[in-house]
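The two complexes that follow have chain A in common; it is paired with chain B in the first and with chain C in the second.
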Partner chain A sequence: MLKINNLHATVAGKKVLDGLTLDLPAGQVHAIMGPNGSGKSTLAYVLAGRPGYEVTAGSVSFKDQDLLTLAPEARAQAGVFLGFQYPVEIPGVNNVYLLKAAFNAARKHRGESEVDAFEFLELVRIKMRLMQMDEAFLSRGVNEGFSGGEKKRNEILQMLVLEPALAVLDETDSGLDIDALKIVAQGVNTLRSPERSMILVTHYQRLLDYIKPDQVHVLARGKIIRSGGSELALELEARGYDWLTQV
Partner chain B sequence: MSGNAQLEALVSRGYAHGFVTEIESDSLPPGLDEDTVRNISRIKNEPQFLTDWRLRAFRHWQTMREPEWAHVRPHPVDYQALSYYSAPKIKTDGPKSLADVDPKLLETYAKLGVPLHERARLAGVAVDAVFDSVSVATTFKDRLEKAGVIFCSFSDAVQKHPALLEKYLGTVVPQADNFYACLNSAVFSDGSFVYIPKGVRCPMELSTYFRINAANTGQFERTLIIADEGSHVSYLEGCTAPMRDENQLHAAVVELVAENDAQIKYSTVQNWYPGDENGIGGIYNFVTKRGECRGRNSRISWTQVETGSAITWKYPSCVLKGENSVGEFYSVALANNYQQADTGTKMIHIGPNTRSTIVSKGISAGHGQNTYRGLVKILPTAHGARNFTQCDSLLMGTQCGAHTFPYVEIKNSTATLEHEASTSRISEDQLFYCIQRGISAEDAVNMIVNGFCKSVFKELPMEFAVEAQNLLAVSLEGAVG
Partner chain C sequence: MTIAQTNAHRLPTNRDEHWKYAKLRGLDTHNFLAAIEPTTTTTSAVASVLPAKIPELTRVVLIDGYFSQHLSDPLPQGLSIKVKNTLPDNKKTRSARVVPQSVDYYFASLNSQHAAQVFEVRLSTQTRYTLEILCIATSGNSYPALDIELYEGATLTLIEEHLNATLETSTLTNLSVMLTVGADAKIDYTRVQKQNFSAQYFDTLEITLADRAHCQLVSVASGAAASRSTVLLNHQGTNSALQWQAASLAQGAQVNDAYVRITHSAPGARTKQMFRGIASGRAKIGFNGHMQVTADAPGSSADQSIKCLLTGVEAEANVRPQLEIYTDDVRATHGATVGKLDNNMLFYMLSRGIPEVTAQALLKWAFIADVIAKISLPLVREKIQQSLSAQFPGGAQE
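Moving on, here comes the complex of A and B:
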């Protein structure tokens, strides 16, 4: 699904990714953990193609195509979804309107016909029940006045609707209480399938109690310094990162 | 490309209405003196009262100076270098019907998307088309006449309804009101006239389409709309002009009168040529619009979408005299590239229990400067008056400006006023968020801007709302890129 090879990237001239290599097969969920400033969010943004995140070397292939040559909206249409760490507010733009535009952009990209408002509403309602979200959410401005937890839930709702091939969730668990965390995890788990891969960027082992990753990677100073099974996360929880980074 | 560069590139597509129609015209030579005023009046075969009225305005205008209080910086206008009258040459005495209208003119309006042929009946909108200084065609006259509605060019009204004109002209916007209104009163050439008789609900939307074509001319039209007791009318106006390197002056006056229980809804989509991306050329849109709610329970509602003009200076206002009368102002103003907009409204509460609503949405992009200027005045007689004002600014990029000057004068302690204001920016974060969901940068900006303007667009008649959205999209093209 996703093959990252020796990826180097800079932000505002500063080197952040320094030879990152990662292989994410279809159907797998990988967790990426690591200390603050290790490049986790940068990796997420580089994959999504955020302006200002400069790739200086290396390659990324997604479904056997060169991801880095695609424009950011084309990546999204091809099935790359980024769950933002801090989802932005867009006042005046209805949640459901944005979601429908995104949904139809992807359909158009696949050569499918656009769905109308009624059909779409049906679809969204089903997903909203799963996320235990009130229908009033739909007519509110995108993330406008949402609490931190509501914003994160909204990200997962969008993911459920868009059904991406690759989801990169950037600290989706931060700022969630335990109930919200369970709902978010449930949303993620329903989407797990043999055709879909996910990257969970997280600081805490807690999320991995609810979403069982196939692999856990430790990112430090812009590269992956250790990989293992889910037991690695437990070890990190107990011992911190120092024993790895000071080697 | 950084997000900001993207934003800036998306706010600049070309101006679609910038063509010039090659048509012979009769024009007065440049220059302005009493003879010019007399000439205009003579060409239009006006009764003596109107000639005198114009001359009084001209004499007063000579004592006035251009206003300097607005937050706009026009180049000096040489009033002696302008031609004050330009009309497409007419072979006969004037078009009796659309068949007599020069095909080139019909073509011009077709190109602008304004069908003058009545076979465009489905549109259900009666149009008065004003080309430079004269009205070239008014559609659906017969059907309107059957309902008792008078909808004709101002010149026609002078000939056919002089008594109505004499009764109402200048009673809402006095000649000496301001520099530009006074100039207009002296040299106005044409415009639209509407009279809705008692108890009549106008059977269709009325609209005027203004087109400046000739170079070095000013356009000075006047619109007068009278809604008699219990009547109801919705009126739309649209404006375009060719692309030229010189600034052209457009100084119009619009007067509305609503008697007891009457309602007037006046919508404008203003898309005069805004000048190029370096601020060269464009229309100076210096317009005085005012409505008077004379009767009890009357209502006047202004909705404007101002995307064009190099400089916009206009404050569509309501004088709320009648008890329980209502004034409304809904505005979207865009200033892109080097455009300057200083616009807003005045709500003058005189009668008891008068109410007013102001919703202003200013969008600034490029080097644009956008100013909201508003006055809410509650007179001692206006017991129980209420006003709600909402004033929002949206900034795109880092070179533009948004300014707000809300004035409030309250002389009655029973009044209730609310004021809300906000300033926001289309951020790179918002843009990238939408793009990451697969939406193009351009669509994302349009979505965000339309979301911002939603509460104003919903006040527009349906077909205009769509046009306004598209226009905004075109006007913002290149602001992100």
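Moving on, here comes the complex of A and C:
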């Protein structure tokens, strides 16, 4: 599904990713953990194509195509979804309108016909029930005035609607209370399938109590320094990162 | 007749404080002849370009400032047309301005000299009208003149729209509106200017609000090569209220300028003013919002929010918020920003697969959505949304 090879990237001229290599097969969920400033969010943004995040070397192949040559919107249409650590508020742009526009853009890309507002509303209502979100959220501005937890739920709602092939969730668990965490995890688990892969960027092991990763990677100084099973996350929780980074 | 012959007072220039950003080039040699009365052929041509009628509105059509009975609905009682030279002597409000008080009244003065007719609307006490006035410019000069007075407790919903008969013909419109809102009267006024991109458009709107009068004004300007609006409003009565919203959309090489002076002259006057401008291409937007609270207006409130978005590399916006306060008992806020599209918002939408053109259109639309939302009649609001959708492909949200 996703093959990252020797990826180097800079932000504002500063080297952040320094030879990152990762292989994410279809159907798997990988967690990426690491200390602050290790490059976790940069990896997420580079995969989504955020301007200002410059790839200086290496390659990223997504479903056997060169992801780095695609514009951000083309990556999304091809099935890459970024769940933001800090979802952006867009006053004046209706939540349901953004969702429908995104949904239809992906359908159009696949050569499918666009769905009308009525049909779309039926679909989105089902997903909202899963996320225990009130329908009133649909008519509000995108993330406008949402609490931190509501924003994160909204991110997962978008993911459920768009059904991406690759989801990169950047600290989706941050700022969530335990009940919200369970709901978000339920949303994520709903989407797990043999055709779909996920990267969970997180600081804490607790998310992994609810979403069982196939692999856990530790990112430090822009590269993966250790990989293992879910037991690695437990070890990190107990011992911190120092024993890995002070080499 | 040239400008030098029309009036002792001079034409405004960019050296005048309130006219710095207006496009005035060529006016000094322009021939400000009176408009030609439309022929049957002209009227037929206009008939074919009129927008679809909104059933709940009584339609009035002015062609180059002349009332067209043929294209208008039957006038309800209280509405009348006065041919200028039949105005009674005690109604010298327009001709009194032949020598203008200041250069800001220059175009109104010119209108009072050249308008052959004044469309007069009088709303008797406690009456209610819903009116659509379409001003169509066909060729040359056009001097629409409106004189509107709402007596005590009357309510008027007014949609005023400015169009051209063709997409190419160069015209010069000089509109003058005098609006008096009586005690406890209420006006809900929507003004749309979408003349063609060869047109020059000037308007002067003078408003007086009496005790507890309420004025809600929404202005959407997207047309004309050069446009300039002058609004001079006086809160003459106590506890009068104004909600003033404007969206100015300029593209290509358009120049869209406005000067709005709001004077609070009586206690308890309230103003909420919102201006949103989007300049793309090489377009220029100017907005000078001047709010005065005099010593006679304690307990006033004055809120001003001015924002402009630049989406073209060579686009320009010049905004000037001004609060001038001569009393301690006042609540006033003001803010002015000029910026570009928010990159974080843009990337968020791109990351959802929304094409860049659509994402930009959505953000532009969102920028003026607060203004459009204030248009109270749903059918009018939808119509304006539709007409703007060409400027924001994929941006107008149903």
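Quick note on the criterion: the second predicted complex is superposed on the first by the 247 of 247 C-alpha atoms of A that agree within 3 Å, B and C clash if a C-alpha of one lies under 4 Å from a C-alpha of the other, contacts with A are read in each partner's own complex, and residues count from 1 in each chain.
Here is the rule we use: contacts are C-beta pairs under 8 Å (C-beta built on N, C-alpha and C of every residue); 3 or more make two chains touch, one makes a residue touch a chain.
Note that the structure is a prediction, hence the values are computed from the model and not measured.
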item: Which superposed partner A:90 touches (first chain B, second chain C, both, neither); value: both
item: Contacts of A:105 with chain B and chain C, given as first, second, both or neither; value: both
item: Which of chain B and chain C A:234 touches, first, second, both or neither; value: neither
item: Partner chain in contact with A:117 - chain B first, chain C second, else both or neither; value: second
item: A:51 touches, of chain B and chain C: first, second, both or neither?; value: both
item: Partner chain(s) touched by A:244 [first = chain B, second = chain C, both, neither]; value: neither
item: Touched partner set for A:158, first chain B, second chain C, both or neither; value: both
item: First (chain B), second (chain C), both or neither touched by A:70; value: neither
item: Intersection of chain A interface sets (partners chain B, chain C); value: 48, 50-51, 72-73, 76-77, 81-82, 84, 87-88, 90-94, 97-98, 101-102, 105-106, 109, 141-142, 158, 162
item: Residues on chain A engaged by chain B in the complex (per definition of touch); value: 48, 50-52, 72-73, 76-77, 81-82, 84, 87-94, 97-99, 101-102, 105-106, 109, 141-142, 158, 162
item: Residues on chain A engaged by chain C in the complex (per definition of touch); value: 48-51, 71-73, 75-77, 81-82, 84, 87-88, 90-94, 97-98, 101-102, 105-106, 109, 117, 141-142, 158, 162
item: Chain C residues within the chain A interface of the complex; value: 343-345, 347-356, 358-359, 362-363, 365-367, 369-370, 394, 397-398
item: For the chain B and chain A complex, residues of the former touching the latter; value: 1-3, 6, 424, 427-430, 432-441, 443, 447-448, 450-454
